[in-house]
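In this document, chain identifiers A, B, C and D correspond to the written order of the chains, with residue numbering beginning at 1 in each.
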Amino acid sequence: MSRPAEATSDEVQTIVAARRLTGVRSVFIGVGRPSTAAILASEVHNPDLVLVYESGTIGAKPRRVPLSIGDGELAETADFVVSVPEMFNYWIGPGRIQTAFLGAAQVDRFANLNSTVIGDYEHPRTRLPGAGGAPEIAAGCGEVVIVAPHSPRTFVERLDFITTVGHGAGPGDRERLGFRGAGPTAVVTDLGVLEPDPDTKELVLVQVHDGVTAEAVQQATGWELRIASELRVTEPPTAEELGALRELVAR
Amino acid sequence: MSRPAEATSDEVQTIVAARRLTGVRSVFIGVGRPSTAAILASEVHNPDLVLVYESGTIGAKPRRVPLSIGDGELAETADFVVSVPEMFNYWIGPGRIQTAFLGAAQVDRFANLNSTVIGDYEHPRTRLPGAGGAPEIAAGCGEVVIVAPHSPRTFVERLDFITTVGHGAGPGDRERLGFRGAGPTAVVTDLGVLEPDPDTKELVLVQVHDGVTAEAVQQATGWELRIASELRVTEPPTAEELGALRELVAR
Amino acid sequence: MAELVSLAEGVTTLVHDGDAVALEGFTHLIPFAAGHEILRQGRTELELVRMTPDILYDQMVGAGAARKLVFSYAGNPGVGSLHRLRDAVEHAWPRPLELEEHSHAGMANRYAAGAAHLPFGVLRGYVGTDLAARTTIAPITCPFTGEQLTAVPALNPDVAIVHAQEADRAGNVQLWGIPGVQKEAVLAATRSLVTVERIVDALEPRPGGVVLPTWAIDAVAHVPGGSLPSYAHGITERDNAFYRAWDAISRDRTTFTAWMDDNIMNGATA
Amino acid sequence: MAELVSLAEGVTTLVHDGDAVALEGFTHLIPFAAGHEILRQGRTELELVRMTPDILYDQMVGAGAARKLVFSYAGNPGVGSLHRLRDAVEHAWPRPLELEEHSHAGMANRYAAGAAHLPFGVLRGYVGTDLAARTTIAPITCPFTGEQLTAVPALNPDVAIVHAQEADRAGNVQLWGIPGVQKEAVLAATRSLVTVERIVDALEPRPGGVVLPTWAIDAVAHVPGGSLPSYAHGITERDNAFYRAWDAISRDRTTFTAWMDDNIMNGATA
């Protein structure tokens, strides 16, 4: 296989997110890049990965990246399809899905998410789509991996609206709120990877993509970012990963 | 068609019960004689009658009287089949089924039913099957028709156990308990038909089968039975009804 | 028993000004044709209810037919914002739009409670979010364990409208593919209209088939292609190109209005 | 992920003395073979859970394996009483049997709450009956309307055992026909065993098919005819003659015991 062109930062983000699904049994997928990453993972790392979409399709095997989470191919290829009430009551709520891949418009230092409004709720500067399934998915699934573009607009000191609780105000908050899952375990961006500190639950930069500096990540983050003492550098995409991703997106 | 042999009192009971389903849209069916009557009605009086069995089969079209409410033929011929939770939550509870045909081991003067125990609950003389779906069916369905053999053991002054509320202690009780349906509108026995008095809700003998006297019915009833001033006499089974019933039972 | 009617008749009889109307569909089987007919008939002051408002509700809100929106996720899936909906919320154009906002789990349980004719549903949810203070929920305590959970009020729209693949001549309906929350919406609503791709002699039971019996529906209208640019699994394809094109059409008020006039308001009644 | 095991292994690993065990099946797909294996392995002090105990639980109660029965309707459908169960309740033979009794609606909602891992379910029921004072329910008030309804505690058995038509080699299960409450029972239970009529290469989606994914099940055992004298829709026929014959077999303690020795206890392990 001939060495493909250099990977873009978006491609690296998707590939790094996909690697997170090696050895994972089932993943709940939001629309967009999380979907691309999960399909890539099932093709490259984890053929047995169970893809679960909010639309009720469990064990879907899409060959193309669906535009919506309810494309026909998802139902045609699913192991089974359930109603929306069943999806949330019997499958997501009880924590039967291991990992959730979610996006968001705003992320704070405790990996709480905003997908509701920018600005004041009553008089928003930008009205966003709203909660969807995210709050209960983030509460119920075994762990949450957030996939978001790294910019000061997204990684903010203070959310305009708490749509989805990550680690709340810090240690013990999830337990206090009665959540079952472990909550966010990673935030994968186009610059690197943040993980919550085991003790403080505050997001720490633990990994940067090839050629990205910690300073660059700090500049793209709206709060004073903690940097891991041993900052890992992302393993560059393999030819297989990059080839598979480009082939997938081109389908 | 040659005049068939004289109808037995059981046959008359079944035929009279079946007549109650003329013009009814849907009927919920308990096992046994109610089932025979409902199938007969769908064959003789009401081809569009929707038969609903507790097992989740809605719009079943059995050609034979099923031994259990879950025989395969019910699922094969049903318009659709639902889970037990859906049956009670989406179909019975909201009162989507018009008429319920129920049996019981004991019936009192307000058409309350016992199918739990004879004697004391902790030390029963006879342990009966229990409630099954009856309490919520009788509460939710549009009306209830009780089909029971007429004897002092069945028609008692006082139930050993209130399994299913008919008209409770009299007028207003169903409303007070928040029930949606009208409750029992008739008790069809092998001797005649009892209907609740519109004001007192107490069962009144309004009809006797051909050759049965009011005295005979009183003797088979464990309380001082009210008799309608104009006591109707059951229209004898037609050759068509009796032929169809015997053919059905013989299948 | 459901009557077989034309789409125009169905909307005229069942949808009134000021009604709470749920045109449901979870990406799949969205009843576009019925929504357009509601606009053509000039219904107004509507309370639009749907878990996932997309282009159809963007059109209805942009046309000024709605007073209020009850929802859990409002977006153009895979494309981005609903610009007409944003314009209504951000700039009250063409009129202010009241929002009643929930999560998917909350809306699904509100519909399920409505279908069961129960006054509320119970779930674990909303706690710790800013949504809790902005919506219609209440804490409820388990009488057995003492755990505090969240109650959501039942959702019982005045009218539910859904699209399905087929109905028989008696008005029994079957849909398959992604079932969403359509069964709950129809059973929860006071009145219901189902548009179908085709009328058949008898419903063949199918894998994943959801049946709505004629006695649980008010009217059925034969509207082939009635869910386009959404799709009817096995019969029509989702028009992803249109979902993408809508972004440009809907960004600008004038472009939007002109498009609606040309394509919906002056379109032929189905 | 479900392991493919022999019935004997499955029961040995998953069913322990004193467990709350739900062998579910609503007339259809009753897991007789698994129940018989539990008896052959001498499990005792069981809390038997099932909406509709029939011949299988009559056998298990008559054999003295059960300490308690949680149920809503205990009868031999269309035939009459369960004589062994009556003997246990009326005369404590072979041992006393504790009863926890509900209505079908109550049990169905208890399983549904269990499957959702919620602590309780809500319904309109029990009011005005003598059952209300004899069972595990509590009043609950709607926080929105003030209406008082009934809460039932979630049912989460230690083990659920169900029978299905088929599984693939990965342990994914499909059943069809009358679905009863089996999906809820499996999802509500801590552990689960599914016996199947056949192992197939791939599950073909079917009308009314209920799929239980391998990752929601602990073990699958290949047990053809495993639901007889009940039936597996499309594969085996219900043995109505045996249901009738059971009445005579079970009336008398000695006849019953002899029959069990000859037909179950000394029967070959599946």
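Simple rule for what comes next: a residue touches a chain if its C-beta (ideal position, glycine included) is under 8 Å from a C-beta of that chain, and two chains touch if they have at least 3 such contacts.
Treat the numbers as computed from the prediction; the structure is a model and nothing was measured.
Farthest chain from subunit B (centres taken as the mean of C-alpha atoms): A. The distance from the centre of subunit C to the centre of subunit D, each centre being the mean of the chain's C-alpha atoms, comes to 39 Å.
Inter-chain spacing, taken between the CA centroids of subunit A and subunit C, is 28 Å.
With each centre defined as the average position of its C-alpha atoms, the distance from subunit A to subunit B rounds to 58 Å.
Touching two or more other chains at once are residues 112, 118, 123-124, 147, 183-184, 205, 208-209 of subunit D.
Of all residues in subunit B, those that touch two or more other chains are 89, 93.
Chain contacts here follow an irregular pattern that is not a line, a ring, a star or a complete set.
You'll find the chains touch as A-C, A-D, B-C, B-D, C-D. Interface of subunit D with subunit A (complex): residues 1, 112, 115-118, 172, 183-184, 187, 203, 205, 209, 211, 213, 215-216. Those residues of subunit C lying in contact with subunit A across their complex are 26-28, 51-52, 71-75, 77-79, 81-82, 85-86, 89-90, 101-105, 108-109, 111-112, 123-131, 134, 147-148, 177-181, 183-184, 208, 231, 233, 237-238, 240, 243-244.
The part of subunit C that touches subunit D in the complex is made up of residues 118-120, 122-124, 136, 138-140, 142-145, 147, 149, 151, 153, 205-209. Across the complex, subunit A meets subunit C through its residues 31-32, 54-57, 66-72, 74-75, 81-85, 87-89, 92-93, 116, 121, 123-136, 139-140, 161-165, 168, 173, 177-178. The touching residues of subunit A, when paired with subunit D in their complex, are 25-26, 50, 58-59, 79-80, 89-90, 93-96, 180.
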